[in-house]
Amino acid sequence: MEQLLVPAICKIEKIIDETPDVRTYRLKINDPAKMESFSWMPGQFVEFSLLGHGECTFCISSSATRKGYFDCSIKRAGIVTADIHSQLEEGMDVGIRGPYGNWFPIEDIKGKNLLFVGGGIGLAPLRSLIQYCIDNRNDYKDFTILYGARTSADMCYKEEIEEWKKNPTVKVILTIDKPEETWKENVGVVPKVLEEVVKPAIENTKVITCGPPIMIKYTLVSLDKLGFAPKDVITTLEMKMQCGLGKCGRCNIGSTYVCKDGPVFTYEQLKVLPDEF
Amino acid sequence: MNLIFETDKAGLQKFYEEIIAKFETYAPVEKFEKFDYKRVSKLEECNPDSPIPSTMSVKPLFFPKTAKVMKFQEDSSGTTVSETDEDPLAGKRVILGVKHCDARGLQVLDEVYKWDYIDTDYKKRRENTIILSTRCDKAGTQCFCTSLDYDVENSDAHDVRIVNGLDGKIYIQSVTEKGENFLKENSSQQSVVGSQQSVEEIKKHYKSFESSFRLKMNYKEVNEKLQKLFDSPEFDPVSSNCISCNTCAFICPTCHCFKISDEKIKDTGVRYKSYDSCNNGYFTLMAGGHNPRPAKYRRWRQRAMHKFVYYKERFGVNLCVGCGHCAISCPVNISIFDVVNQVAK
Amino acid sequence: MDHSKQIQEIASRLFAENKIDYFVGYRQNSFDDTQVPFLITDPAEIPKLVFTERSVFNLSNYLKPDHTKRKRVGLVVKGCDSRALNLMLTESQVKRENVYIIGICCEGVLNEKGEKAQNCVECVMPDPVVYDEILGTASGKREYIVNADIKELAQKALTERADYFENIFENCIRCNACRHSCPLCYCAKCCIDQETSTLYHGANTSSAGMHALMTWSLHLAGRCVDCRNCEKACPSHLPLHLLHKQNEMVIYENFQQHLAGMEKDDRGAFYKYSLSDPDDFIL
Amino acid sequence: MARVGVFVCFCGANIADFIDVPAVVEEAKKVKEVKVSVLYKYMCSDPGQQMIRDAIIQNRLTSVVVAACSPRMHEKTFRKALSDAGMNPYLLEVANIREHSSWVHQKDKKAATEKANDLIRMAIAKSIANEQLHEISVPVTKRALVIGGGIAGIQAALDIADARIPVTLVEKSPSIGGRMAQLDETFPTLDCSQCILTPKMVDVASHPYIELIPYAEVIELDGYVGNYKAKIKKKASYVNFDTCTGCGACTQKCPVKVPNEFNMNIDKRKAIYTPFPQAVPNKPVIDAEHCTMLLKGKCGICAKVCEKGSIDYKMVDEVIEREIGAVVVATGYDLWDPKPYEEYGVGRYKDIITSLEFERMVSASGPTNGVPLRPSDGKVPKNVVFIKCIGSRDEAKGIEYCSKICCMYTAKHAILLHHKVHDSHAYIFYMDIRAAGKGYEEFVKRAQVETAATYLRGRVSKIYKKGDKLMVRGEDAQIGQVVEVEADLVVLATAVIAPHENPALARLLGISYDKYGYLSEAHPKLRPVETAKAGIFLAGCTQAPKDIPDTVAQASACAAKVCGLFAGDTLKKDPMISTISNEFCSGCLNCVKVCPYQAIVTEEIPLGHGSKELRTVAKINEGVCQGCGSCVAICRSMAISLAGFTDPQIINEIVAI
Amino acid sequence: METEVKKAQGTMVSAENPDITAPADWQPVIMGILCNWCSYAGSDLTGTSRIQYPPNIRIIRVPCSSRVDPWFIIKSLQTAADGVLISGCHPGDCHYISGNYYARRRFLVTKKLLNFIGYHENRVQFSWVSAAEGPKFAKVVAKVTEDIKQLGPLHRYKKENF
């Protein structure tokens, strides 16, 4: 086990300031052979360590279809993330273990309309899937991305969203919680915009959602109201994890190990889990 | 796989002495008025027949309280990670005087360690270890191993078992193939090969052992009931006098939660893996303050359910082995036996 | 020393008069003659309450867990327990009006072997120092006795002592039962656990154990009331009282015979000073 | 990651001669956070500071380590260099490789270099954990408190008040004036002390910005610079000053006679008295220790004679409070009691007096109307022996230091003696003549020539009585012979000592004092009027013996300091103070008990996120906290951190070696 | 006997424990924690007066001796230091009025406790050095250095050598 806990050393290629408290770190494993064999699916996560400070779990926010690097978007929330933000610079080394966990059901959603509902930093795992799907555009039907943030400054991946907007096959709907002077898009919380503006078709549609717990809670209510079947709603769970290997016991919810059986679950699966997340 | 030697006290002593002289041997050693499995070089140092409240399980010999994961070194050119020193527990070794429950604990732990990612260190330690168990003659006040989902009498969790017969006879019986080979190579010259009669004798003796249990429960019923009792209000009162220390988890033979922590001095550091416990309030505390199990009863529920329901559901074996270590060590004598029975009443 | 009846009566009265939400006492273990702490909210359970020389655990500890913290609690305390409670009152951890204290003039409790416990033999204050109601006959303050184990250890050579303690720190499994069982370790987040803190050691080595136990004992220096909850809680059976008694002795002998929690509003020894404190150890 | 710049100073040869500076610079480069490591001859010079500023900008440094002299020396200089480069000044760390290495290990270059390496590594490690800090501004109460109404206090009060800053002047005796009021004429100009002092005293009484509180003492001082709160005890005078006209009828009629301390007990005053005729305020007080009315309830004459009915025997001590921003301490000096000089017959022979007794005698308004008289028989003395250094410069019997003024006033006494008793002759036994000062040497010459005083260099070994004369035996070191002088009067120039109340006062004010009891200045050369406690200043002999010009100068300096302090509406305060984390505070409030400044208060915060229940935690009052760290070390939950000396900073230093 | 032989061979043998040996030219590391107002100023005065003392001490500046938490001492002893010297203002002279009185209590208890668990009492020493006592500071450092040289290197509870 101890060897499984040893991270691979990665170099930070680039740091992108997404919002005042979110930064995206573009990473590359120092050992070229390891980088070559490092592959992941959208939705999987890695254990990111700032050596000497500790490990944190982050999802990979880019798609393996974009080769040669992978992204982790990190929001400053606790002690280690604060250290990550304050100490890391481009060119420095960090440790990475993974990828771990399951991934979005790529095969299941093939040939379906896709509705991505993201809030705040919750767009990070979706971004990986969106990139993947855009790179395999022909496998899927309509794309709708609904993304909300508290303020326009809290929106992640601004440049990439602009790119998506330019893509004629992708429909992008943005919203912020409260009106702002220069803001021209929607105003209102995600579930409200989902019901009032997006009004998605239910037929042949899969919803993939991720965001802060409160958003998820009300989005699920909205989706229910709109008539989506729980099995068509896919989300990813956030849980305290440490080993990522299904051993350390932290991510247990009932007999489920979120780090192995998750983090991607359908709403149907979540419904039967004990309420401990 | 049923090689039986019949011997007496002196013969057993000789047998042990031989092993200790030949192998890296661990056995219960008295320390601060309790027994703990330690490396021994002389039989006098240890007591393979240690009395039942041994407190410490054999777990630390496979899953130590703290282990180095790696070392790392930073300099201006970058960071390098290096393997740690050789695993001190990976060599060929023999453990004497293991209780049946302790041995069963390892068997139960195997499941989680071989699931999906295989813990190679643990596996190596297990493979390289011969476990000689001593069967208890009498149950302790907190023991309930016979009430659970495994057959204590026919347990194959150990390689060799030593059973005290009546009238001073002692039987040394191989249980696994590994044990049989070991016995063949290391049988004491004084030992007499036992017969079918000794098997009967061992069984007979087991009956009297079984009847000495204070605690008994219907495992199947409890397990089934508990599956539906996640929301039981009983978890609160049963855990009311818990003081949220981590004793039960740290001394439990099957608790396997751990934490990873780094320690760095100047530019070099070590990553450690150490015990952690779900009774600890910070265990599931996430950065940003969200904690799925903030209250004590929720943590106790997790503990009880994990021991009696979840693990069974996932891996087919009950995580609790009924050793009673937790109840003995608990500063306020909470017994998981009482907790599950109370909830599943 | 059997006050079971009286305690049951008082508890019933308190519940009847709606003076308390919780009552904290002792209950007999079903399988032997030991007792465990017993928290009740339901008057129907009052008959299970007992108090004898087997009532060992310091119940002041139950004033810190969240579920009793801001409630009105009826509590049974012995001499040492009441000293701990007194310090908790001084250190604003408990509101006096929230606790109804049944003080017991203690005649000493028994250890696991059924003998009078060492701390009771060496007890300086068997009577409760703070109470609403007192049971038994007060016997008064006794003379301070230096702990026998300390005296014995102090005789030993330095390296022998060092080896002895290294063995202790080595055997600590860092389960923190000592801390959780101590009524005076009430910090919301212990400094030894704070990952932000420089004291934090994730590892479980002897040096980490030494660091943790030393810090712990120094945080209790001048506050420890020698109830030995910690020692009884320790699954490794470490003689933790050695550290505390050593500090207590140094403090008693040097700082105006300070003993923790003896008087109302008396601070821990490190939170006050005297101009005449010893100075001869300083160059 | 941190980007540290290391700047190593040669300090000319001071460092470079004993430490291998280039090697130190290279060693620092090995630390991975160090982005630039350079050396320079004088880092504190302008080009040196420019170098730091340039390097900060070029290398985007996040902290700076200067390895040079003690941080107590140039920390401020380098902090300024950092802020000039747009960097937070508190990201600086100074490695003290001069006072702590090069100067103290001059014989072992290798060890000194190694030590310098370690000290720099420690400073680098600490600087990595340094945080940006910002000066704290606190409001100021623009009122000064002057303690002591001697010439120092008078001068300071007048100067401050002239700047239109209100002053409260507290004097313990019934009148201001102090020692200077007791003097006759002053050296070296021989102008009359009273003549130059009295107008100032009157100014004090009439100044609109001065509140004079005589017969009072400061008993408590709380708070901190700009925001002190003083408690002043006004002793009961038993006379209503508001109605008293100072007519003096009471003092004339009072039947009780008491030794007059103003006149060195040479004559008597009454139990109700004004200390001296020119007293300010010129109102009498009743000496409660001697008044028969107050002691026995009989008499009451003064009340009877007072037309205004100003006598109030029921008056009690009154405590008044003043909010003030700064304090000037000017408690003056005492005179040493020459009793240990037994061989001189001190105490046995009446005709041995102290110089201040002599001063009172020769004063025109003194007890003998300006004529020196022998205490034994009241005769005018002809031969007077003056002995200097009584107690001063005498480790065995007195004190080690020189009292500074005795040489001059003894010369003055010789002249005054000559003026008052024309046919007299002065003999002066001295160890050295110290006459450094404007016109001082000339003044001593004048005494020697004009009055033909005999200056004898040497110690007096014995004084004995012969008839009604005193025989003074001493050594004349210049001729190497024992001399004996027949004297009518012997005057001892006793040493100046610190007032005996000084230690108690210092404790009350929270400032330090030296082994003699003089209050300690913050720096003997560069901050001679400040104390270590911000906002408290020293004037006059309370700090060290001084003559009048020096005292006045220091008093004016204090006034300038006070005015400077009050120049803005707020004070800038060092940000190195404690902060308490609510998250970790367990509310034991032991910190509140330990804090020497009462800087910790309590605060109620919600129990949890959005909880209505409250819990109590400790909170630092920023303006009061002085940053000692007492609370930090006693906080068991490590909730308190002291900016500039945080746990991570110190731990970094410890593990850096 | 063995000790004598070792000593004759030029090895430093600990007075505390003959098992602890070091090369004859072994130099201890001493962690010095000084209060800013008295002892640090005093040590500066030692420098300005050019009074020489052994170079083994490494100095940390703290505002007051009361800032010194006992774990500074423990941490020092667990890392590089072979001994610790803590110095503050004389009683009554504390710049912060009472800081050193509180510190003095902690120091006594810590020193005795460390001694009790097996550290030689000379490993951790305390002094009062005023801003004026430059010569005293040099003397104190020389004494502490000499004491610790007698005791030899400290091995117990050291953070493992990574």
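Each chain carries a letter (A, B, C, D and E) given by its place in the written order, and its residues are counted from 1.
One rule holds in what follows: a contact is a pair of C-beta atoms (placed from the backbone, for glycine too) under 8 Å apart; a residue touches a chain by one contact, two chains touch by 3 or more.
Small disclaimer: the values here were computed from a predicted structure and weren't measured.
Minimum number of contact steps separating subunit A from subunit E: 2.
Path length between subunit D and subunit E in the touching-chain graph (shortest route): 1. On a Cα centroid basis, the chain most remote from subunit D in this structure is B. Across B-D and A-B, the chain pair carrying more C-beta contacts is A-B. Each chain gets a centre from the mean of its Cα atoms; for subunit A and subunit D, those two points are 68 Å apart.
Subunit B and subunit C have Cα centroids lying 32 Å from one another.
Separation between the centroids of subunit B and subunit E, computed from CA atoms only, is 46 Å. Centroids built from CA atoms put subunit E at 34 Å from subunit C.
Residue positions of subunit C touching 2 or more other chains: 195, 198-199, 205, 270-271.
Counting only residues that touch two or more partner chains, subunit D has 594, 634, 647, 650-651, 655.
The set of subunit A residues that touch two or more partner chains comprises 54, 79, 92. Every residue of subunit E that touches subunit D in the complex is listed here, in rising order: 27, 29, 31, 36-37, 40-41, 43-44, 46-48, 50-53, 55, 58-64, 66-69, 72, 75-76, 79-81, 92-93, 95-99, 102-103, 106, 138. Subunit D meets subunit E in the complex at residues 70-73, 96, 98-101, 103-108, 111-112, 114-115, 118-119, 122, 507, 510, 512, 532, 576, 594, 596-597, 626-630, 632-634, 642, 644-645, 647, 650-651, 653-655, 657. Chain contact summary for the complex, subunit C toward subunit D: residues 70, 91-93, 186-191, 194, 197-199, 219, 267-268, 270-272. On the side of subunit B, the complex with subunit D involves touching residues 74-76, 265-267, 289. Those residues of subunit A that touch subunit B in the shared complex are 1-7, 9, 11, 30, 49, 51-56, 77-81, 92-95, 213, 238-240, 242-243, 245-250, 252-255, 260, 274, 276-277.
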